[in-house]
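Alright, structures below, take your time with them.
Across the two complexes that follow, subunit A remains constant while its partner is subunit B and subsequently subunit C.
Moving on, here comes the complex of A and B:
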């Protein structure tokens, strides 16, 4: 238990459990199979979007083009299937390549120009979105193959678990291994913590930055395609609303925006907390004009609970070190 | 910048002809606020206006994104290329007035389409859907479909859009007139992006799908997502009246998951708007005593019409839209113009 308490995500887990139980007691429909299904569906793509931003935060940068990459891949994926009659696996593959290319472009320009990734990804956001609109002329692609639609809405057997969440769970696991158990993942955290120190010990800046952006593009691509599966159409608006949530979950999960500290599990719990709060606002029929106030206050509360745990932990460490 | 703009616009007017020009000199730019499928009908409307009224040009030009400065830059560049009449969906109800004033100073007539600018304005008219009336009629249709009683939910768009408040009040008015048999159990707003709309509408269905009898949607994205949700659930018990003509909504009507939709008339806005701009360039003026409607933003509003479409006429909805347009056009000059 003491070991658990030290984990970054422990406070958030408590928030998830307590808030989930409280909502379930007040509104039993919260635990209905359909509601759990809806909750897991919304978590599925938000989880990947949050991880796409988290890996850039890990190196002390920001990716403003996460949504634009996801949107471009979403319409490419659906357009290839509808207009070019490309098979689903090939469309998925091309979508992933587009996402990684976009990420590579972000990383490469950032490294070669020395300009902040904030500025570079702001510029590429417009470029990727512009390509999206140039292709679609703001018209959605509707004729998505049935297999894709079914994947977006199917459940595993008689459970409320959507197929859609399988991919995010696998990716979250792989991301945890990558950030905690691989040399490149640790190099990213070291680079985010101190660029100079990382370079002094031989870490390649360009490799770290480009790799992080390529992974971010790859994840944004997956999220874009999952949203197409879910919505059953490829609309150019996909990704437009991703930017703030992509930062919210990692920050709730204790990530430091200056870099060097991120936590995959805490980020995942951050996604879950935002999703639970959003659902609670609907379930409790909060007046639409006050929804944003409640959302903001609830997110603040979740962050404070986690920070309070860190504060207690820090205080205890000081007591032990002074003894 | 303003001086340069004035020089360019004045030159454009001189090059393209005098204030009382032939129709073939009229070059109309139809500029939406940003990319959105709602405005796609403006393109065809412009082409038809060129063909039917002999205009020089009537082109649909879309700003890269929903941003007032980008829209203004696009308009400036179009005027520089010789367009001499501008129909615009205001990027901002107040902010757009600045460029409309500059265009008017340069002799270029303008009008607000599909959404109004706040008065005082140099826009010659606001030609769009009476959004409150459309929401009211849609709710009436829904209540009829529900047999005059039951619980309804209202899904709508951006809270910062003044039309949203009008729509919420219009739905409340229709419910109040139902004589107590109908109750609004929830209003969900600010769901004009697909991902949050999917999350919130499905959360609503999960929590209250069993007790709700009807759904009215008064914005494009909520209509699409709610229609999709009902189709996925296979639920034909809940009646829904949507808005606009997205393919998902139209398919759900055909399949029996959605009762009907309130069509707006973007085609008519572009078609008649282009015609009106040509008339103004030809020397006509708007009558002060024309049968204007008043809205919260302007008292020079013309309703471009709205029509309810259900499974009986969903296949011919384009004809319905054209029918409204021709009806308005028939009396437009007599009602509104002094030529």
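Moving on, here comes the complex of A and C:
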């Protein structure tokens, strides 16, 4: 039990359960099948977007171009199917490759130039977005194949669970294994903790940084294509609003932007909290402006809680060392 | 067979403006503990960086196990079994002890995933060599500093290190913890055949555990692989501080004023100083002498209000005062501090000459709305820049493009411009060539003659004896004694040495 308390995600889990229960008691409509369905749909792509940002936070960098990559992949995916008549699996494959290429470009330029990823991805954000607008001429692709549309609308049996959510669940699981059980994942965290130490141990910076950016691009690509399934069309503005939420969930989940500390489970719960609260405010018919304010307060709270816990740990260590 | 596992012969290394190593030689015997000593700037860290592949020597040989080798980066050094335990800890704080030890060779399961049970088992082996009773699953951030230090050594051993460099390993350890560390070091030398290069300023430690000693001074060998049995403290200190340099005969004019400008009475500080008493007269140069770590810089930082004085009195111009911050030290009490670390604390490297020189005077010359023009600044600081003969193409040159000596002149000019009454000058000539050094010495004397009172911190004995009017010897955050300086090197230096050892 004591071990549970030490976990980053434990407090968040309690927040999710308590807030979920409280809302359900006050407004039973919260648990209606339709509402749960909407909730899970929004979680499904937000989760992947958050993980795409989280892996870059893990190495102590930022990826401002997550949304631009997602958007570029989304319109490439729908455009290939509509204009080029490419089959769905091939379009998915090409979409993933584009995402990974974009990520590779981010990582490669960052490593080779030694300039901060913040600046590099700020530049590529505009490049990717520009390509997007050049291809689409700001017009959406409407002719999405039925199979894709059906996938976006399908539910599992008679439950309100959207089919879409299977993909983020699998990805979250794989990401957990990657960050906790693979050497590459651990090296990323070590690098995020201290670039200098990591290099002294013989961890290759370029490998770590490029791999993280490629994975980030891969995840952004999946999120982009999921949104196409969900919207049933490929609009050029997909991804425009991803950037800030992509940071919100990992930060609520205790991630430190300086790097080296991220948690897949806590990030997922962060997504859940943001989604539940946004949904609740809708149910309570609260002005949408408040959603923003609420999100801001959530982030502040999360950061304060983490700071306080660190402070406590520090105090505990001081007591130990004075023994 | 060669008895040395590591040898550096006649290595030279220059950095812009400084010759860091001048024909330096170093020989490490197998399974021995070798002390590498020298004052700040003597070339120790350059030598270590050559051994660990961070720098490459300009000329000279690096011989590992009898073969000449080239190290291009720290990774190469690791391959030859050379590992360094830095003052800054190189553990990943949020990882467990076990994971840290095995980080670049993690055991895996059949599926290719990390096997944490195996990590615990394998890392225990290394912890056991050091008699460390730590659960490998403990997070590093939960360890005490001493245990982190030992884990670093365990990590180095797990990298199959045969040559271990320890840079000031006891600087943050208690005496008890240091004792444990030393018995472990002796053990790994005896049982694992590891050779250790030990860098420390604490001479008692050197006598306690080292077999051989190499002393560097101004980048040259003051002694090479001397058997510790042939040395005593006195000899070692003399080797470190040297006495070859010529003493500038002081030509002070008016040093006999009895106008006390600053007095400290029974001062205690939060950093651990006790019973500090000193009096500084107008136009006087007081020297603070001591080995590194004696608490001299720290005392001055308390005086200017960066750290707290907890007890005792500070009296300026006859009035008891409290100095809360470096800002009020400068503006209210006209005390300036020229940092020993001019790159980090003294100058803003990416700003130009004008901005750096004028930083202390902005608040004096700004107009009502806080507006400061370059013209106003130039008028104020130009006389000082030219008085100090700063060699710069223009006032708009970036500080980082100037030589070390000129950078130091800018540091001084900055405080001159501020019109300070008391100037604290910390290690003014470290890493500065002889010519500029002589010039800075003349400058300090001239400043004092013109009425500024100076507190000079220096580890350079000849510099101290040529400049100071009286010398306060510090050790371990206390004053051991005051020596009236008659500028006779032999008598004064032996008095200073006596005080260091009491």
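In the analysis below, the second predicted complex is superposed on the first by the 291 of 323 C-alpha atoms of A that agree within 3 Å, B and C clash if a C-alpha of one lies under 4 Å from a C-alpha of the other, contacts with A are read in each partner's own complex, and residues count from 1 in each chain.
Quick note on the criterion: a residue touches a chain if its C-beta (ideal position, glycine included) is under 8 Å from a C-beta of that chain, and two chains touch if they have at least 3 such contacts.
Note that the structure is predicted; figures quoted are calculated from it, not measured.
Student: So, on subunit A, is it clash or fit between subunit B and subunit C?
Tutor: Once both complexes are aligned on subunit A, subunit B and subunit C fit side by side.
Student: Output check: A:261 vs subunit B and subunit C. Expected answer is one of first, second, both, neither. What do you get?
Tutor: After superposition on chain A, A:261 lies in contact with subunit C alone.
Student: Answer with first, second, both or neither: which of subunit B and subunit C does A:129 touch in the superposed model?
Tutor: So A:129 only meets subunit B here.
Student: Who does A:283 touch here: subunit B (first), subunit C (second), both, or neither?
Tutor: Touch partner of A:283: subunit B, not subunit C.
Student: In the overlaid three-chain picture, which partner chain does A:203 touch, first (subunit B) or second (subunit C), both, or neither?
Tutor: Second partner only, subunit C.
Student: Of the partners subunit B and subunit C, which touch A:189 in the superposed model: first, second, both, neither?
Tutor: Second partner only, subunit C.
Student: Which of the two, subunit B or subunit C, is in touch with more residues of subunit A?
Tutor: On the superposition, B touches more of the residues of subunit A.
Student: Determine the nearest approach in Å between the Cα atoms of subunit B and those of subunit C after overlaying the two structures.
Tutor: Scanning every C-alpha pair, the shortest subunit B to subunit C distance is 25 Å.
Student: Of all residues in subunit A, which touch subunit B in the complex?
Tutor: 27, 29-30, 32, 34-35, 37-39, 41-42, 45-46, 126, 129-130, 133, 137-140, 142, 153, 227, 230-233, 235-238, 240-242, 275, 278-279, 282-283, 285, 287-289, 291-292
Student: Show me the residue ranges of subunit B that touch subunit A in the complex, using the header's touch definition.
Tutor: 35-37, 39-40, 62, 64-65, 159, 185-190, 193-196, 198-200, 202-209, 221, 224-225, 228, 232, 246-248
Student: In the complex, go through subunit A and note every residue touching subunit C.
Tutor: Subunit A reaches subunit C through residues 177, 180-183, 186-187, 189-190, 193-194, 196-203, 260-261, 313, 317, 320-321.
Student: Looking at the complex, which residues from subunit C come into contact with subunit A?
Tutor: Residue positions touching the partner: 74-75, 78, 90-95, 99, 103-104, 106, 108, 112-114, 141-142, 144-146.
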